[in-house]
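Pasting the structures here.
In what follows, chain A forms one complex with chain B and a second complex with chain C.
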Partner chain A sequence: MKAPLLEVRGLTVSFRTEEGEIVAVDDLYFSVGRGETLVIVGESGSGKSAASLAVMGLIDAPGKVRCEAIDFSDKSGRKRDLSRLAEAEMQRIRGAEIAMIFQEPMTSLNPVYTIGEQIIEAITFHEPMSGRAARGRAEEMLALLGVPDPRRRLDAYPHQLSGGMRQRAMIGMALSCRPSLLIADEPTTALDVTVQAQILELIRGLQRELGMAVIFITHNLGVAAEIADRIMVMYAGQAVESGPCRAIFRGTHLPYTIGLMRSVPRLGLDRSAAPLPAIPGNMPDPRRLPRGCRFHPRCSFAEPGLCDLQAPPLESCGDNHQVRCLRWREVRA
Partner chain B sequence: MSAAAQDIGSGGAAGSWSAPLRRTLRRHEAKLGIALTLIFLVMTVAAPLMAPFDPYDQDLSSALQPPSFLHLFGTDQYGRDMFSRVLHGSRTALLAIIVADGLALALGSALGLIGGFIGGAVDAVVMRLVDVLLAFPYLLLALIIVAALGPSLTNSMIAIGIVYTPQYARLIRGQVLSIRASDYVRAARAVGASQLRIMLRHVLPNAVNPVIVMATLQAGSVVVETAGLSFLGLGAQPPSPDWGALLADGHSYFLTAWWIATFPGLAIFCVVLGFNLVGDALREQFDPRRRK
Partner chain C sequence: MSALLDVTGLTRHFTAAHGGTVRAVEDVSFALAEGEVLGLVGESGSGKTTIGQTILRLIDPTAGRILFRGADITGLPARELKAFRREAQPIFQDPFGSLNPRMSVEAIITEPLIVHGIGRDRAERRARVLALLEQVGLPRDSLKRYPHQFSGGQRQRISIARALAVEPALIVADEPVSALDVSIQAQIINLLRELQQKLKLAMLFIAHDLAVVDYISDRMMVLYLGRVMEIGPARSLIAAPKHPYTMALISAVPEPDPDRADKRIVLEGDLPSPIDPPSGCVFRTRCPYALPACAEAVPELRQVGAGHQAACIREDIPTDNRRMRHA
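Our next item is the complex of A and B:
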């Protein structure tokens, strides 16, 4: 296997609060290859956003990031540990090498500047360029994103655009410097279903065109199945399953993933036969994690005397496929 | 039209005679405020052209004359034309607004930005300092500062500037705290913006609207406070035609020559009213719930 674009080793993100330390991400390992799409799936509070913000170096006090290394090979092929870079160095990476888009297109654009000004600002941070050239690049970007009449849209303020257009503008801002890695934190969650599909298709098209890798964060398994090369499932701050998209959807060995898959509503499902199966209970409070496996209080496969005592390690259960379950050999979807 | 009809429907229920008057005032208060403020600004610019007499010219033979066509606002105990003095006094008032309100705005914005953006210990120190300043009654604090610096118009303006600084600092800090946690600031950081750039280009422009409103409202207060200090003899010194000093001059003659104190008082009243009405109108304009 060739060297990955991004390799995160032993990432821990914690927040100090008045009631003690909350560990949002616990000893996380993952990597993304060039041009690859990694989908991180998890419920709210599983630590997926905190992990991606940590990669960007955007965790602010009182948050604390510890890790072995966040190795990233930049455009010149140099391998750099993002967790050890100074803020000024990190600013050169953000936007130019790694870009990020967020869940809320409604509020992620500054209301006092036009779309054009914001895209141009992002371009000129990283590339010395005349205002006119930058404007040309911004217009190209919007055209690439399928924005009708891009020249006029550049002069529009965010409040004049629809949610889908704003998300496109956000993506335009993020991709204007052709980063090699895009982190998309639930970019379609706040959008209409039809617009969601357009934005997904768009991200996939751009990925092919620009050859960039994508880390896509979502709680929607349908979206994951659609675009993932590999999937990492997170639960209570830990990676609980990771593997190729096909392997996971063909036959996962993890009770949690099975629960997630069963709770996705499908067309043609007979409502009168049985209610949509849901995973009982809630994500545990990070200050009071259960002993043993963190999922065992909600797990239908849990074995008393085993799962509630012993914390499971991440074990290999197939080609490139790992699960965190003591009973994975007995678990079948 | 329909809004007006609704107004009548709800306001008329009280059946009070003052309701129609209040409604008219409310509808036109912005215009009234703008008119008063404009008149004030024209006065400051055109005072030398409009004034029929030199404001410093004494003419003891025509002392203490009541208002007439020759002396619209009458004359004071030295025979100086009050109309000319009130006109020229507007310039001191404007100067006070520019210097004192400007100083408070600049100092307060700097403190609020620094505190809100850096946070931590710096924020704690800055804000405790602000709390200490806020704990004093305004005029008392201004008196203490003028007493320390020595009475003069400049010093009284500096004192009032310092007195009004904490309010700006608090307002701006609050704005900065909410804006720096916003999604668009995070998005700007994600494309590589530096902290300084975020502070000046993304946070500051989004924080200004309430500051403009506050500056307008404070302009009226500044006029009152500088006049107050002058009235107490700590601001503008005689024979300067500052409105506060004019009030002080006139108050001992109030029973025999009411016009000396009345017209400067009315001038202060109109300017403060004007700025307050404009400030209220701006606040309504900037209200995000009314934005389209």
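Our next item is the complex of A and C:
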């Protein structure tokens, strides 16, 4: 097997609070191959955003990151452990080799600079290039993103653009140095569905064109089904399922994933039948995680004396498919 | 049956910061029967929130008539508005922003009882608050707790209890589940539907999530740039949409199915400015079926099925909705 582009081993992210330490990400392992799309699915408090920020080296004190390694093959083919890099070196990777986009473009775009100035800054920070050449590259990038009249849009300020256009500008900035990995944290959540469809189409197209790998973070299973090669489901700081997209949608053995899939209303659902099969209860308090399996208080498959006592390991349940459930052999969707 | 709510020609304009008029809602008409759920769908800028706020008289319409139980509420003075407010209650998206963080749950739910003079004394009001808590699935010990001590889903339960405290006939729910986690959304949707059925509530359910609106609504109204594109029974509107915008909206919903085969209609371009909307049909600049005639006149809503109307002059658009496996 080819070495993955990114391999994260034993990542733990914790935050110290007045009420004790909160472990946001607990001993996480995952990898992403070149050109592959890994979708991380999780609800609030699952640790999905903290994990991606840790990869980018963006967890600041009082947050604490521990790990065996975050191995990344850079453009020259050298393997670098991102968790051991000095900040100056990390800055050279960030943007140029790994880029990140967020849910709300207004928090990533500076309101007092034009779109063009911001994209050009990103380019010239990483690549020795004249302002004119960088402007040409920025214009090219916006055109690739389907921004109409890109030359004129370079001179626009963020507030002068629509939500979809802003999201494109942010993607343009992120991709301007042709990174080999894009981390996208809920990039379409704040957008309308028709705009979301445009942006998903765009990310897929760019990925084909640039051969870029993507880590896509979302809570939306529909979005995951559309773009994922592989999926990792997180719950309360842990990876609870990981596998190929189709294997998960067609044959998951995890009660939490089954619960998520069933509880989402789908178009044309017959509602004369029973109510929506909701998952009962709430996300656990990270300061008082349940003993045993963290999902057991909400799980209809939970077995007293087993699931409330014993913490389940990630076990293989199929080709490249793992679940964290002691009873996975008996669990069917 | 006479309608609980009868809205005719509802229009709301705002003055834009740099001059010009934002046409947020333009000539919207619909009726809502007692105990009926009408879902309002549309993307940002479609006017769905403004319609909800005008109906609650949180903002005044620029033109149009809103009849509630046959009486026009658009010109009601504040004193008479109070009686209407006892009948029409809102539920908002953000249960954190809409609950006073300094008030206990008991104070939050008791306030509307006091305002409307419900309950003879404290004991009676407390009994009523406890009954409401039970109805929305919150434990009795929630009484003395404060909003920050609850999760998002529980806070939305508190908002629902507050809205129901005055026994309204109409609920305007604006994105009541969109801020909640996926696993919690279904709980709140089930609760809203159960209460709506049990209490025979009429409801305007406003949301951008088509599947959620479809699930909870009897009828649906699709809005674009402040105008009604299509209105009709939810089942037939989703199974056989007649307006190209409705078709595009349905096709854009991502489905949790990796083998989904149908071809997606991806709309070109951006929403036009509501300050300077396109002439004729407002959707024509992004419509794959637009004809030159679409620019000439605003299309009338025409009958396309039982209780089903669409504002499109073309009658030859194929309804090919392969996504409806269940319908």
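Keep in mind that, in the parts below, the second predicted complex is superposed on the first by the 333 of 333 C-alpha atoms of A that agree within 3 Å, B and C clash if a C-alpha of one lies under 4 Å from a C-alpha of the other, contacts with A are read in each partner's own complex, and residues count from 1 in each chain.
FYI, a contact is a pair of C-beta atoms (placed from the backbone, for glycine too) under 8 Å apart; a residue touches a chain by one contact, two chains touch by 3 or more.
The shown structure was predicted, so the numbers you read here are calculated from the model rather than taken from an experiment.
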When the two structures are superposed on chain A, do chain B and chain C clash or fit side by side? fit
Could you look at A:A99 and tell me whether it touches chain B, chain C, both or neither (first, second, both, neither)? first
After superposition on the shared chain, which partner residues are touched by A:P275: those of chain B (first), chain C (second), both, or neither? second
Taking the superposition on A as described, I'd like to know which of chain B and chain C A:M56 touches: first, second, both or neither. first
Thinking of the overlay built on chain A, is A:N220 touched by chain B (first), by chain C (second), by both, or by neither? second
Looking at A:S31 after the superposition, I want to know if it touches chain B, chain C, both of them or none. Which is it: first, second, both, neither? neither
Chain A: partner with more touched residues, chain B or chain C: C
Applying the touch criterion given at the start, work out whether A:T124 contacts chain B, chain C, both or neither, answering first, second, both or neither. neither
Taking the superposition as given, does A:F249 touch the first partner, chain B, the second, chain C, both, or neither? second
Minimum Cα separation between chain B and chain C after superposition, in Å, equals 6
On chain A, which stretch or stretches are contacted by chain B in one complex as well as by chain C in the other? none
Which residues of chain B touch chain A in their complex? 119-120, 182-184, 186-195, 201-202, 205-206, 291
Chain C touches which residues of chain A in the complex? 43-44, 148, 162-165, 192-198, 200-201, 219-226, 228, 245-246, 249-250, 259-261, 263-271, 275-280, 282-283, 298
Taking the touch rule as given, give the residues of chain A at its contact with chain B in the complex, in rising order. 56, 58, 61, 87-88, 91-96, 99-102, 104, 107-112, 121-122, 125-126, 159, 170, 173-174, 177
What residues of chain C sit close enough to touch chain A in their complex? 43-44, 151, 153-154, 181-187, 189-190, 193-194, 208, 210-212, 214-216, 235, 238-239, 248-260, 264, 266-267, 269-271, 323-327
